[in-house]
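Have a look at this one before I ask anything.
So that you can tell them apart, the chains are marked A, B, C and D in the order they are listed, and the count of residues begins at 1 in each.
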Amino acid sequence: MLDRYCSEEMKQLWDLGQKYQYWLKVELAACRAMEAKEMVPRGTVAKIEGKVELDPQKILEIEKVTRHDVIAFLTHVENQVGEPARWLHLGLTSSDILDTSFALQLKQALEMIITEAEILADHCSHQALEHKDTIMIGRTHGIQAEPTTMGVVFAMWYAEMVRNIKRLRTALCDISFGKIAGAVGNYANLDPEVEKAALDELGLKPEPAATQVVQRDRHAFVFSTLAIMAGTVEKMAVTIRHWQRTEVHEAAEPFGKGQKGSSAMPHKRNPILCENITGLARTIRSYAAPALENIALWHERDISHSSVERIIAPDATSLTQFMLKRAGRVVSGLDIFPKNLARNLELTGGLVLSEAVLLEIVKEGVGRQKAYEAVQSCAMEATEKGGDFRELLRNNPLIKKHLGEKQLDKALNINHHVRHCNFIIRRALAEKY
Amino acid sequence: MLDRYCSEEMKQLWDLGQKYQYWLKVELAACRAMEAKEMVPRGTVAKIEGKVELDPQKILEIEKVTRHDVIAFLTHVENQVGEPARWLHLGLTSSDILDTSFALQLKQALEMIITEAEILADHCSHQALEHKDTIMIGRTHGIQAEPTTMGVVFAMWYAEMVRNIKRLRTALCDISFGKIAGAVGNYANLDPEVEKAALDELGLKPEPAATQVVQRDRHAFVFSTLAIMAGTVEKMAVTIRHWQRTEVHEAAEPFGKGQKGSSAMPHKRNPILCENITGLARTIRSYAAPALENIALWHERDISHSSVERIIAPDATSLTQFMLKRAGRVVSGLDIFPKNLARNLELTGGLVLSEAVLLEIVKEGVGRQKAYEAVQSCAMEATEKGGDFRELLRNNPLIKKHLGEKQLDKALNINHHVRHCNFIIRRALAEKY
Amino acid sequence: MLDRYCSEEMKQLWDLGQKYQYWLKVELAACRAMEAKEMVPRGTVAKIEGKVELDPQKILEIEKVTRHDVIAFLTHVENQVGEPARWLHLGLTSSDILDTSFALQLKQALEMIITEAEILADHCSHQALEHKDTIMIGRTHGIQAEPTTMGVVFAMWYAEMVRNIKRLRTALCDISFGKIAGAVGNYANLDPEVEKAALDELGLKPEPAATQVVQRDRHAFVFSTLAIMAGTVEKMAVTIRHWQRTEVHEAAEPFGKGQKGSSAMPHKRNPILCENITGLARTIRSYAAPALENIALWHERDISHSSVERIIAPDATSLTQFMLKRAGRVVSGLDIFPKNLARNLELTGGLVLSEAVLLEIVKEGVGRQKAYEAVQSCAMEATEKGGDFRELLRNNPLIKKHLGEKQLDKALNINHHVRHCNFIIRRALAEKY
Amino acid sequence: MLDRYCSEEMKQLWDLGQKYQYWLKVELAACRAMEAKEMVPRGTVAKIEGKVELDPQKILEIEKVTRHDVIAFLTHVENQVGEPARWLHLGLTSSDILDTSFALQLKQALEMIITEAEILADHCSHQALEHKDTIMIGRTHGIQAEPTTMGVVFAMWYAEMVRNIKRLRTALCDISFGKIAGAVGNYANLDPEVEKAALDELGLKPEPAATQVVQRDRHAFVFSTLAIMAGTVEKMAVTIRHWQRTEVHEAAEPFGKGQKGSSAMPHKRNPILCENITGLARTIRSYAAPALENIALWHERDISHSSVERIIAPDATSLTQFMLKRAGRVVSGLDIFPKNLARNLELTGGLVLSEAVLLEIVKEGVGRQKAYEAVQSCAMEATEKGGDFRELLRNNPLIKKHLGEKQLDKALNINHHVRHCNFIIRRALAEKY
């Protein structure tokens, strides 16, 4: 977790001290459930709760000897509250604490992420409405294709974010499972009812059939959904980078007062936020792979997943949140340049309307291939020799023969091309996260 | 798609000829919808449907000239049915056909996969019931931990398969979207109602806001869910490989009559099916990465996703189906060796019951650390000097002081350890896919 | 291996029949070496060599019973040549044949790939010289930065290809290791001298310490180097896609006569070859991951690597060769548009020369920050209000004060900017693969 | 970089303060070279060197305004040394500093890693000699195969580490390239001789043809070689985990005094170091993917690689070093249990020697298939009915007919099986890193 790419709240969530707090919370929840079942003396929790000052450094010191983090933690607690502490962790195994805490942390992280994802989705929908009539040239293969509106682009981002938020919510459900079931997950020295009560208190459900740990397909699903969403945000970023290119320059990400684009070139205004997002997407994507490898643990568990998760859980969640926040600012603060949008629309002298012309000819009974060749030849001539495409169409014998002036005018009318864009925006914005 | 790892039905699904059939189906669905809206002459579909003999080789020949697969296809159709063919593809773009067909193929592939996943899940649940009382030693870190039952293992696999099936179903919904919306997805020369009618006929829904293509987060989700499920099946395979080890030998995958384990060593019976599954999991896992990279296409689309999908879609789906089939056979046909299960349970002379002893001492009021050290010292002595662990416990001064003979006996009773296993199996099997 | 993306020679190399040929070759080499050591009767090889007609279908039939490919192969050979066949495979294990053959195949595949890589490198160097004086605007962050030459771009590609070719050659050495050392690699029923002689004949070296197999770090290295090179070729493709954009249009990949850019839009000429390369790069990249996972086999080997390699070895090598061939054609056949290069250079009205102006001012003793702000304010005004940048510079009080007319002219002279480009090209082209 | 998995020296290397130190070093090297060429006033470096107290916090403060890290750094320097600072960075671009510094850091990181890799290799070779005659059963597919020696295993690890070290050295060469060539890499406001002199001072070479940055295939190669080596170390870890299994228990990783294996089960001694290494391998492996994606930057560069590298460079290098250190301790401190090695060797009652018997029969002129079936039937009977394999062999009619007592005894002699192991160890240890 680099400070540079991490919010304060995420930093705190994954902080070592916070982790120990979660551990204590889980131990106490289990202990409270045991009290209720008279498995530990009444009043045990009361003797511990609020009486422990968790000191991460001291716990790490103890761990150097025990080489076992949970035992170090328990020793630290026992050092402070004495005798009642021996009722903690009764019949539990470390993973009961670790996995249940981890579920709480991941849950909270996902909630933060979903919040940012919703904000980004809202910015997209807002921009979709704002620019529902902002005509721009659509591009396929990087080549100008046909006119569309910016609103449609934002609406498409919105709808995709809705899908991502739904996936994240499913992942959130999938991860909201804890486990207090002992060494091999079968309550050998525990009771399923204790688990149920303790997890209820914590807002989690019991893993239906655990091993020593909560099963790792759940975590793999979390990291996979983050990776997919990162791809969506990368798509926005890449699009904006394209828009911001000098030769296109239809939009640009926000640029702060005092910001310097380049240490060498004072004229530059670079889409660095979006480039940064692109890089973060690569990184977030990469965390899915080790999470997938973590699924096939040995027998009732091996601990190989642990080092992976210590690294990727804070990194993947904090980077995703950061990326979403950043994308939210970029999308909402986007500078859009209408003059350039108009200039680019006219760049090909109407070539981008050629499909409409083609279709009019076909409708008049000309074979598709023949029509295609006629329009393509005008297009090629306009491109290569610089002729006026609309004029060339008007003078092409085949086209002249089949299309009247009005028909051609309609085909060459941009507004006609984008007549369904508002419908698309309405349809996309009707999707709800 | 290697024949070796591919079912006949998958081979057929992804066959080139089949793909062209799907294309024709989509073209005709669009044309039929246009007929209904009087955008093309009544009777056009009737003049084409059933009259075209699609010849993949001829289409490939034409493609060599056009260097465009859909145009080659249309030319081939026009060569056969003549004039009415010019009403096909009217206002459409290639991706309208390609993406809609691809959705149909992926849908069918996922349905096949879900079928196999359900079969595998059923085998797991069957084995869970069959072996609900088959006691085995549970292992963590590869080290014997505490007793459990085989039924719990199978139940755990079952519950995880249920989760995977649900994820696949979500992915199936996500991918059941087509698109007939033209070059930049905004119906410039089309009508959303035509799209709706055509997709209805095909069992698909319209992408709410498309570009030239259906958005690739949908596909990334499909390949990610396959990767996760592959991890689950790998888990089964790795477990069985461990069980089959010479020194463990508690179970073995089915071994055919006439099968040879090794060209060099006649005594060998190797878990090659499970090792094969392990390798396939690695491969299926790897397909998620390029699918994730495919999300961020340029502007209204670039075609970089296409080569990726041509390769990974048939490969990932056929390998996953194959892996599931194979795993189904292995799980249902597993040879289980009760004698070895019993032998291994007793291998440590009771060491695996040490936690229960520890807990009894703690319950008697001894501090956890002290109790832990007492039991660990007996365990270490038994392990290193080969003493009888139960005897050592009985003679340990601290333990002697706090535990009566009966208490110790209960702690050392295996049946007591596994008393909750049937509850776990019932709970897991209550999950429904 | 899709026919679409596979050369005839690669198809043949990885063909099943070819594999059996390699197996026979290895068996005979081992047998010949044993003859020389009088471990098998003189004349055995002569009785087999040239007398076997390998029939892949028949071998597959036998494998259905044996479920072991090498045993099926040996049975097939024995069915044909009878008694002498029993001297084959003496003391060998299947992997002696499989891994040694696989080394021969990978070696040949890498040689084919290196050949194409060299051709691509040559095209780059040729273009570097051809366009050593073709001035173009350099771009960073997609934003126009400073002038450079196209020759420098090609030279940079060349130098990177040289590095890739060297890596491939190292990988080729690393993979040129076979193994004829028996079931656990220790010549229990063999002799290291037999291995040495047989591998010598085949052009391979013995794995210094094998298990049952040649160690998989070697293969991981091969697939990793392919992945890196794919990234380099992707870089070329992405650059060309950028150049070909409508608004930039400085170059375009070759476009065949009769080729159709779009089924809907007759005016389009899309960089589909380069987009295809981009997608292939994603795919080739993805094969490195399972190859890395293959390294940590269990004990003296498990067979999990096998299914991975059956899939990725033909796929990764054939796709890489295909990609290189395609890139070679694209780079050598690139259409370059000098008019557009010139137009784009002038697009900012000289803004791209601002760094030189900045530096001249600094040299005159002005603090860097102050100078930066002066130039940036002119740049901003030119950009936002459309003023003439050169004029604005001339009228800026600070600049006026410190720079004479001539100094300013020199700073604004493009040729001065690119004066070192030829040196770079010479230096890069001096690198030899 | 988690403290848990990071050495002090690595932490320092990647520390922010250290990075600024490297930046200053590079700026001064460039400035010194310019002094020599009289491009900046004599004595400039002397006025700066040793006079700057770099304060990371202050630089970050400035960056909040400039949103540009190098400009913030330069401002900070200028704030301290005043006027002479304006001669710094003259004609340079940020990446000249960043990439050159990054090369210095990566170089140093790789050197640290190579040192640990050499130590690990040495431990392997030491253990190979120590255990050159320690016979153990070799296992393929997890099934006992044939006897070998532990020395061969260690020798195999050694030879593989040698290959990895060589790859790392190649990567080290590949990364020892800097760049002081300006905004688009063509020395527009610089001089190649300045670059050469400055890089010479720093121990680097000039990128033959740079863009704004050093090309990223170099970095992809570094991260790929780390990933491969991680696979090798994972192999060691997985092997040791297998050896340590309760049922095998031939070796165990070192276990500290006071260490607790499990919070629940006092008898446990878990291979947690090796499991940890396994997880780290997954993580290190995953860093190769984004490094590969970083290669194809846009035009003369985009900055998407930057966020990736800020994260993966410290993480991948520190984790690799940590993993190597840990593996070194594990391999050198391995507890080996001769009694268990002997017990396991005899576990199958001689089944593991079956190949030798098979071969003796074949040598006597029996067809391979027939011989195979004879031995397999004895093996199956011994396994399934618990008979004595050696006795069964002696009584098998076919075997009896063809093999004398002595021949059978030789085939069943373990020492004969491992006679070539010392040769293998010598050969492997002759490889030099």
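Heads up, the rule we're going with is that a contact is a pair of C-beta atoms (placed from the backbone, for glycine too) under 8 Å apart; a residue touches a chain by one contact, two chains touch by 3 or more.
Quantities reported herein were computed from a predicted structural model and do not represent experimental measurements.
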* Walk from subunit A over to subunit C along touching chains and report the minimum step count. => 1
* Of A-B and B-C, pair with higher C-beta contact tally -> A-B
* Structure fact -> Between subunit B and subunit C, the Cα-mean centres are separated in Å by 32
* Give, as an integer number of Å, the spacing between the C-alpha centres of subunit B and subunit A. => 23
* Note the residues in subunit C that touch 2 or more other chains, in rising order. => 74, 89, 91, 139-142, 145-146, 182-183, 189, 241-242, 260-262, 264-265, 270, 272, 275, 278, 285, 289, 293-294, 298, 302-303, 355
* subunit D - residues contacting subunit B, complex -> 139-146, 241-242, 244-248, 260-262, 264-272, 275, 289, 293, 344, 347-348, 351-352, 354-355, 358, 372-373, 375-376, 379-380, 382-383, 389
* Contact residues on subunit A for subunit B in the complex? -> 74-75, 78, 83, 85-86, 89-91, 138-142, 145-149, 152, 155-156, 158-160, 163-164, 167, 170, 174, 182-192, 206, 208-212, 215-218, 220-221, 224-225, 227-228, 230-232, 234-235, 237-239, 242, 278, 281, 285, 288-289, 292-303, 355-356, 359, 362-363, 366-369, 416-418, 420-421, 423-425, 427-428, 430-431
* Structure fact -> Touching subunit B in the complex, subunit C uses residues 2, 4-5, 65-68, 70-71, 74, 89, 91-94, 182-183, 189, 241, 256, 258-265, 270, 272, 275-276, 278-280, 282-283, 285-287, 289-290, 293-294, 298, 302-308, 310-312, 315, 319
